[in-house]
Amino acid sequence: MGASRTSRVFLRVATGLTLGFIYFPLAIVALYAFNGNTSLGWPITSWTTDWFGRAFADEGVRNALTLSAQIAVAATAVAIVLGTLLAFAVQRYSFFGRETVSFLVILPIALPGIVTGIALNSAFRATGIPLGTLTVVVGHATFCVVTIYNNAIARLRRTSRSLEEASMDLGADSFQTFRHVTFPAVRSSIVAGGLLALGLSFDEVIVTTFTAGLQQTLPIWILSNYLRPNQAPLVNVVAVLVVLISVVPIYLASRLSSDAGNVASGTR
Amino acid sequence: MTHHAAASAASAGPGRRLAIYLHRRPRLRLGLLLAPPLGWLVVAYLGSLGVMLVSSLFRVDAFTGKVVPEVGLANFETLLTSEVYRTVTVRTVAIAAAVTVTDALIAFPIAYYMARVASARLRGLLAVSVLLPLWSSYLVKVYAWYVILAEDGVLNWMLRPLGLSGPGYGDVATWLVFSYLWLPYMILPIYAGLQRIPESLLEASGDLGARAGTTFRRIVLPLAFPAVVAGSIFTFSLTLGDYIAPQIVSNTQFIGNVVYRNVGVAGDLPFAAAYATVPIAIMIGYLLLARRLGAFESL
Amino acid sequence: MKTRSYVTFIAAAALAVAACGGGATPTPAPSVPASVGAGEGRLDLVAWPGYVVGGTGGEQVEGYDWVSDFETASGCKVYVKPAGSSDEMVTLMASGQYDGVSASGDATLRLIKGGEVAAVNLDLVPNYANVFAGLKNRPHNTVGGVAYGVPHGRGANLLIWNTQELGDSLDSWSIVFDPTSKAKGKLSLYGSPIYIADAAVYLMATKPDLGIKDPYSLDDKQFKAAVDLLKSIRPNVGEFWADATKQINSFAGGNAWAGTTWQYQVNTLLANDPPAPVKAVLPKEGSTGWSDTWMISAKAQHPNCMYKWMDYIISPAANAAATVYFGEAPVSKDGCAEAEKLSPGHCATFHAEDEAYFSKVYYWNTPSKTCIDGRGDICVDYNEWTKAWTEIQG
């Protein structure tokens, strides 16, 4: 049963308009990456590609990009471990406080970033932990856990245990079963959640401001460089480059997570 | 089962022995699973939240600027008596609600198209194009709107020939910018939720004589509603706590701006913490409501 | 079991906060060194963006570097944490992880009172002798005759306006503070509680019977007058700016016609292509201004490096490089001479040697209960300024 013709047309138009809405400001950013003027006036009167060269040469940009990537990977890795453990615990066992766990897990991302930032900052200061890359990873992992947890638990709910039981009947112990049977079934959902976590961490600025020491992640670099007009066009270039660079990994990852997802869920 | 275990125990390596040991002790397994994540969340996160909330009962000494650990309700008194805090809270909540409704309305058609109408290949492409903007910096997107909405900016440049003019900066601009920023966070859960609706249900509805509109209204919408609520958690909370975008495209204050301005040990952390209890309370209430509506299964 | 241990944890945490909070008595300042030894090899600074550029860990900007020379001479590798506001600087210094900070006046007294910074032995900073007399012993960095730092530069907050809309010659703050101003809805004001002092400066000229002598020492009556003035012009305000980029683009894009600015924005706007139709002036009523002070942390891990830095950053060549880049006045005559080589006319534009000009400038200071102008404990402290600012902004 498909939608009627008018609704198909309506949906197509709506989708097109929405995509246009989504990409319009990004197109403006791309235009300003070629702006010859350092101010952000419109229309753009002079064009140049100089900023691209400067972006590649700028060490601050490279350091910020590398640091952001490292923190995102580390935070996502921690979140994957914690989120998966938690998902298995909640799905497979019943214990006191089980319902509150999913509530607890979503708190870091649902509460305002400034609250999480101030709280973590006070905690680090009170316990004497110096602010640095580690504290940033801690902060990011805390609100990234929920993306893994939710995806993993949704998949676990749909995975039947009979496969695992069969595996054990055939002589595998629980570690082997996990490695060969359970994990492949949930892997794609974890990848999907991990992708979202990577994005969340990469672009996070509020919690990072409160948990970073001397480090400049990319968002902090952007924040501090927008304060100086001579650097503002550089920021636009960096933004464009980051989007372009992330097309391929996002495409690959979404293919990875959707293919297996369709197989496991059994819809369509 | 026991027969196998006994047989394999004899020739078991350490990994297998550990597996057998754990297999017999479900509570230990549970403990090992729960300890790291819960330990982290409860101690690191809840603990630090607790410390912050406790400090809202203290005050700052007017001479030294240091926190004085005397319990009192002075901060909360100020919050209740001074009108500006009510105004700021109402403004923030109203815009957060408006953004949520706007995003739900915009997201639903595209999510429906992606989930139920588009071909598999197109669906993949659309998913990527919705995800991609999440990777372009939040700050850059806000500044892009700052440029677009300027008096001599792109929007007015396009509208003036038609005799219209853009909203300029202010609360309308903030609503627009937030709706833009959080749109992918609404599209993705709705898309996932609509995907999960089995085709067979819709066919059954058709077989029973319902037209497309009725099926949509009575089958699709109720089933997708939890997903909409799930997405709304993001749009509502992200708007409620933000302070960067309002500073750029508006000159009015959001809750986050007031908290941010007061924060800092030699500033007024107790007062900032006191005001921060407002969005915390609002969000916890919202989360409880969302859980009641089934959103937690649809995240 | 869970609930009980949770409560115990909270109680313990509360005690920890209490212990860390300290009491009402200020901590005594640590003793001041008698000599500067060898550098410790590293220096961690908190600074305004654009103050520490180059070197190992300074901000990296193509074509600008005044930190590498310091690193070579002293052996101290420099790492900077740029901060966007005074509040941020105070918070960062409280962590004890940094050796020094370039603090504005609305942070300096908070840092001193809070015990975050130590007094400075000026004998150990040879270049201080050459600093302009007008920058020595300022109330925002000298308490009870004891100096707490060395100045980085100075600048005034100027009146900027759009000449196309408001004419060529304005000389008064009335275009901002008069509720019937022609710039309705197009005002661009500095978005920080310290701006209440600017209203106080205007009242010093227009309502002398209020008796305001120092815009940062306001008793309840004077404070209320300043706050009411700001509330009365609030409908005319188009934007509150905190970073230069925003204001530059507002004036360039037509969203702002008049407001408070720094020379830096003016220069950038005039250097645009085409130049923005703006002009700036120090109005006849005088104005607020700022002079950032390099201060050493009370918990500095690398105090020798910090003293070497303080001496270096006010040496002529380095000071010229830093102040020309940022857009403010150097602190010494020799600094001006060096600045002329980098940017002819720099000192004239920034009135670096014009003490008469700066006599009408009230450098940012930290309002506190004990009036800075010596009237006793009757003034309004900064926390109240912050709360009032929240009400003003609405």
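Think of it as A, B and C in the order they're written, each chain with its own count starting at 1.
In this section, contacts are C-beta pairs under 8 Å (C-beta built on N, C-alpha and C of every residue); 3 or more make two chains touch, one makes a residue touch a chain.
All values reported here derive from a predicted model rather than from experimental measurement.
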Chain contact graph, described as a line, ring, star, complete graph or other shape: complete
Dominant interface by contact count, named by its two chains: A-B
Whole-Å gap between the CA centroids of chain B and chain C: 36
Rounded Å distance, chain A centre to chain B centre (Cα mean): 13
Multi-partner residues of chain B (each touching 2 or more other chains): 42, 47, 51, 55, 146-147, 150, 152-153, 263, 265
Numbers and ranges of chain C residues touching at least 2 other chains: 13, 16-17, 91, 94, 249, 253
Multi-chain contact residues (two or more partners), chain A: 40-42, 122, 125-126, 223, 226
Residues of chain B touching chain A in the complex: 1, 4, 8, 15-16, 18-20, 22-23, 26, 29-30, 33-34, 36-38, 40-42, 44-49, 51-52, 55, 106-107, 109-110, 112-114, 116-117, 123-124, 126-141, 143-148, 150, 152-154, 157, 180, 183-184, 188, 195-199, 202-203, 206, 212, 215, 233-234, 237, 240-244, 255-256, 259-260, 263, 265, 269, 272-273, 276, 279-280, 283, 286-288, 291, 296-297, 299
Residue numbers on chain C that touch chain A, as the complex places them: 2, 13, 16-17, 20, 44, 49-50, 57, 59-62, 79-82, 84, 91, 94-95, 97, 243-245, 248-249, 252-253, 268-269, 272-273
Complex interface listing, chain A residues touching chain B: 1-4, 7-8, 10-12, 14-15, 18-19, 21-26, 28-29, 32, 40-43, 81-83, 85-86, 88-89, 93, 95, 101-116, 118-120, 122-123, 125-126, 138, 141-142, 145-146, 150, 154, 168-169, 171, 173-176, 195-196, 199, 202-203, 205-206, 218-219, 222-223, 226, 235-236, 238-240, 242-243, 246-247, 250-251, 254-255, 258, 265, 267-268
Touch list for chain B against partner chain C, complex: 42-43, 47, 50-51, 54-55, 58, 60-69, 78, 82, 84-85, 87-88, 146-147, 150-153, 168-169, 247-248, 251-253, 257-258, 261-268, 271
Chain C - residues contacting chain B, complex: 6, 9-10, 13-14, 16-18, 21-26, 87-88, 90-91, 94, 110-111, 113-114, 116, 191, 193, 237-240, 242, 246, 249-250, 253-255, 368-370, 381-383, 386-387, 389-391, 393-394
